[in-house]
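Letters A, B, C and D name the chains as they come in the text, with residue numbers starting at 1 for each one.
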Amino acid sequence: MISKEQKLWIYEIMNKIRYFELKALRLFEENKLRGSVHLYAGEEAVAAAVCAQLTDDDYITSTHRGHGHCIAKGAQLDKAMAELMGKETGYCKGRSGSMHIADFTKGNLGANAIVGGGIPIATGAALAAKLQKNDKVAVSFFGDGASNEGTFHESLNLAAVWKLPIIFICENNGFGISVPVAQSTSVENISDRAVGYGIPGVTVDGNDVFAVYEAFETAVKRAKAGDGPTLIECKTYRTLGHWTGDPQTYRDKKDVEMWRDTKDPIQLFKKVLVDAGDFTAAELDAIEEAAKVEADAAAEFAINSPNPDPADVMDDVFYDA
Amino acid sequence: MISKEQKLWIYEIMNKIRYFELKALRLFEENKLRGSVHLYAGEEAVAAAVCAQLTDDDYITSTHRGHGHCIAKGAQLDKAMAELMGKETGYCKGRSGSMHIADFTKGNLGANAIVGGGIPIATGAALAAKLQKNDKVAVSFFGDGASNEGTFHESLNLAAVWKLPIIFICENNGFGISVPVAQSTSVENISDRAVGYGIPGVTVDGNDVFAVYEAFETAVKRAKAGDGPTLIECKTYRTLGHWTGDPQTYRDKKDVEMWRDTKDPIQLFKKVLVDAGDFTAAELDAIEEAAKVEADAAAEFAINSPNPDPADVMDDVFYDA
Amino acid sequence: MSKKTYATAIRDVIAEEMRRDENVFVMGEDIELLGGIFGCTRDLYKEFGTDRIRNTPISEAAMIGAGVGAACAGMRPIVELMYMDFTLVAADQIINQAAKTRYIFGGKAKIPLVIRGQQGIGRGNAATHSQSLETIFMHFPGIKVACPSNAADAAGLLRTAIRDDNPVMFFEHKALYASKFEVPDDPDFCIPFGQAEIKRTGKDVTIVGSLLYVSRALEAAAELEKMGIDAEVIDPRTMVPFDMDTIIESVKKTGKLVVVHEAHKVAGWGAEVASQVVDGAFKYLDAAPIHLGAKACPLPFNIELENAVVPSVQQIVEAAKKVCYR
Amino acid sequence: MSKKTYATAIRDVIAEEMRRDENVFVMGEDIELLGGIFGCTRDLYKEFGTDRIRNTPISEAAMIGAGVGAACAGMRPIVELMYMDFTLVAADQIINQAAKTRYIFGGKAKIPLVIRGQQGIGRGNAATHSQSLETIFMHFPGIKVACPSNAADAAGLLRTAIRDDNPVMFFEHKALYASKFEVPDDPDFCIPFGQAEIKRTGKDVTIVGSLLYVSRALEAAAELEKMGIDAEVIDPRTMVPFDMDTIIESVKKTGKLVVVHEAHKVAGWGAEVASQVVDGAFKYLDAAPIHLGAKACPLPFNIELENAVVPSVQQIVEAAKKVCYR
């Protein structure tokens, strides 16, 4: 059961992510932002419903499509946008850009531009939690495409035999860049792969906040009880290109429109909240408006922030005691 | 159904492997042979029952425990033993030793000292067969331990989505060196992992020639029909140490004795052959005796063979047209 | 001759070789409909079908291992890596399998395999997508390494690579794909491996650079000319085999050497060149050779930082002046 | 001081550091009951339990990635690789993850991770189990690299590595495990990284070698002494950071340099040393430095072939004589 407070939080986060992404896209199109930028629009329910159940002490690892996870795990839009623009005020002082963004102080162990690269790292964070006997959990977000990398397999097996407190969240958005899942992946549901590790595997509608929330709630209980990992597949869809500038010739425009217009996770969630009488449409619109304003302000902040000083480029390669 | 001729061939191969291994062990103990030597004794039914159904045109990849596969795929004992001793007359001119032994002319794409390293290579050979539209199949042998490597996962998925003519043979001998399967591997049966690739997975008694033979026969039919790969797990046991010189403190002597004395694949097969009236004990004893003589002769050949000339050490790094 | 981009030159050679030899095929991520993210297989699936222009799952180790196996079984695979940085996900299959298979099996295997893709700076791809990796594949024996710096070299070297019966790492540079150059039309146009090209003759200092650093070295040479320093610029074109003779001959003439690359300076291939030149032309050297390369830090995202990590044209000029005592 | 083997020295430091700091733990293949195939964790599971001396599945990428993650989360993991050759199966997790994590997150991560294991020739382990890999981890920035040549260095460097808040690659040598040496008993005995050791002072020629090649260089020095050549032998001990100053100072005195390593010669770290010495001491050099390393072929199984691939003591002697014009 999602508390009213959490519902509001989730709605707010989803909107923050959405407007952050739209703003980033705009900046990219205006040539104010460069590099490989992968937007999360359309998939917000996953990050939000998962991170609603985490504290700053819990860990996540993220992917090349990492803004959503970063924001849901507590990042401020301004510092995140500054990072995307490579500014000194960004979370990573302009070193990472979009693809490696992280707010380490919030337990976010980083976006990871290597597909599948973060899965073992989250597994290690879960191992630390187990060894330290605290109550933390780790979450590894990754895509359908990543489920074909060797690291997926090795990590799920490791986590299963060691009964680590980790939840593997596969965001199946139907494509790895241009390649449809069926062409690259030998199972109907990626959650079927859980069988190969003797752990529970579930597939949920990734655009339904409630479905993701509940599946994750069960998985966290299991993890905290010492029973080990769960694999949750969230079926979703990215409504923008794989990266900013993607011609998207590999998919039908109608599909994109269908998902955008009839399955938008924010609109679906909003309708449920209003229908159930949790909040009025006006209350929710105000939240949306605030998110828009915050995203605009983040862009302003980022644009007006200084670039890092090239003289400092060698800093932080090593930690000096 | 195994033909009488094939039964004889299988029995002969199993004995050749066994006496080859015992001879290699002896040579090692006498300091006439060095390096990492992993013996196959106790697991002969797998290589023999599988390779009985292959021609020289079919491909295999093997493991660090590769003598059995090499012999079953048609290698001569003398050149194989010479390779173990690093001699110029060995299959690889003394470059490979035990861990990378291969007779390429027989479709053996090599023992592979990297655990899991050969699985993608066999997959590629199967891809070649598919592209060339010939009737060849590829077989990848690997251990229980190797099923936890990323290459296992990536290869099974690749073979499954491409419906390649390949059979994955997992030789589950209960241990990866000192580590029992249950401690390293998150499933009861490794064949359960087939579910994660949407392909058939079966577990058979790897010490029973007939069980292995039949499972493989079905898998080959499937492969040749264009329906793709099969994962066959053969439960077996190595009755010698992981490597020559292994103290084996990690397992109960009684277990070893039990497997050696009551489940020896050669003895079990012999009993069936005699009981069924296929062959007389005397006929089979003669085959055993011949294998022993051949192994002894192989050792003689190897001992009397010259070492390679160090002046040639740079040969064969590249192919020169 | 036709003027074409580096990307088109690569695409055309792949197509021509696939027409010539039915055993040639390509596998990689997003190479069918999308034509590879840099267009090096654009539309080829239409002519050759998706058996021979084959999308793979995101499984680089399996992909490269499958290349090795298919090569052993008589095919001539070309594996496209989207970024050469991903060689690290599959390093064992390259260094322990592709490169060693022939040798360890006593010379009995033949591995006609090309692993190609782009690397380097220039697109804000940050630390894991901007590295230059050619040095490590030069260090481990058994695999050839090519680094084309223009469209004609891309065509001539790639054709040689595809026809070679050995594994080849083919390093393209992301910042060169759009650059245009005259490319010979001859369908058998091959550039032999192990032949450096003198891009500019000069008598005062030898500058060795490859990939993006060929044009940067030429820019530096133009600057130097204004100062009355006549630089000879050499592009080795292949790292394995490496044409050290041409460089040593040049240094015997100029007496001074600057080597520059985008790969990290420390233990980069430039150190190998510098030390071999010292070995082969010690008596001719007027000054200690200078070796420039990327600083010892990961490639940062911010463009000014990125540019601060790799050698600049100005640094090449300074280095050349220094060895000329100017 | 206690006389102990290299393997025991390593084991003892691991045990002492685990007692001192409960965040230190070890994971690796066969390290519990078997104590690692070279005995570096022998019986430690009895004292520390199998939570902290932890067998892993055969999954090197996950194991090292788990080390990175556990380090990010406050632990101090030691990952034992059975053979350092297996770094190639996990190269991305080392080079792109462990080494870059701190930098790309703007200095906010701390990765106290040790990846240790043995490498090299001497046991007939052939091509994929006998390589020397330190050069490539020196090339890519972000990870420290240690190469102990005796039991005392193994102890002192390993303790420093475990206490360091950065990732460290710790390269042991299989042929050294049984060798004995006096090791200080001080439970805080640490050898700082980046301090080369002069193993023998001499005035005629500087010989730089590490791991197995320290004793071989010393053997060569003994030979040279008979010929009246007084060699200075230097062990850099760590590759990252690298103490170039000590070597340059030595060469300023001797005027001659030979660098020798077991890693492949081509683009090996010896070329870096030679080229930096040329840069830093050009005017002092009487002869071109000589750099020796393994030939450009995979390590063969046959022992005579194996020995033919790596530099011999005799070759070191010859090289020293050559730079001394003798």
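A few points about this structure:
Following the convention adopted for this analysis, contacts are C-beta pairs under 8 Å (C-beta built on N, C-alpha and C of every residue); 3 or more make two chains touch, one makes a residue touch a chain.
The model shown is predicted, which means the values in this text are computed figures rather than measured ones.
Chain centres here are means of the Cα atoms, and by that rule the chain farthest away from chain D is A.
A straight line joining the Cα centres of chain B and chain D is 36 Å long. Remark: chain A and chain B have CA centroids separated by 45 Å (rounded to whole angstrom). Averaged Cα coordinates give chain C a centre that lies 30 Å from the centre of chain D. Residue positions 92, 94-96, 100, 114, 117, 148-151, 154, 157, 161, 183-185, 317 of chain A are each in touch with at least two other chains. Chain D has residues 56-57, 59, 61-62, 85-86, 89, 92, 96, 103-104, 126-128, 141-142, 295-298, 300 in contact with two or more other chains. Taken as a graph of touching chains, this assembly is fully connected, with contact between every pair of chains.
Those residues of chain D that touch chain C in the complex are listed here as 85-86, 88-89, 91-92, 95-96, 99-100, 103-104, 126-128, 131, 135-136, 138-142, 263-264, 266-272, 274-276, 278-279, 282, 287-291, 295-298, 300. By the touch criterion stated above, chain A contacts chain C in their complex at residues 34-36, 86-87, 92, 94-97, 99-100, 113-117, 145-146, 148-150, 176-179, 183-185, 249-250, 307-308, 310, 313-314, 317. Chain A contributes residues 148-154, 156-157, 160-161, 183-188, 192-193, 195-199 to its touches with chain B in the complex. Across the interface of their complex, chain A is touched by residues 25, 51-52, 56-57, 59, 61-75, 77, 92-93, 96-97, 101-111, 141-142, 144, 165-166 of chain D. Residues of chain D that touch chain B in their complex: 29-30, 32-34, 37, 55-59, 61-62, 85-86, 89, 123-129, 295-298, 300-305, 307-309.
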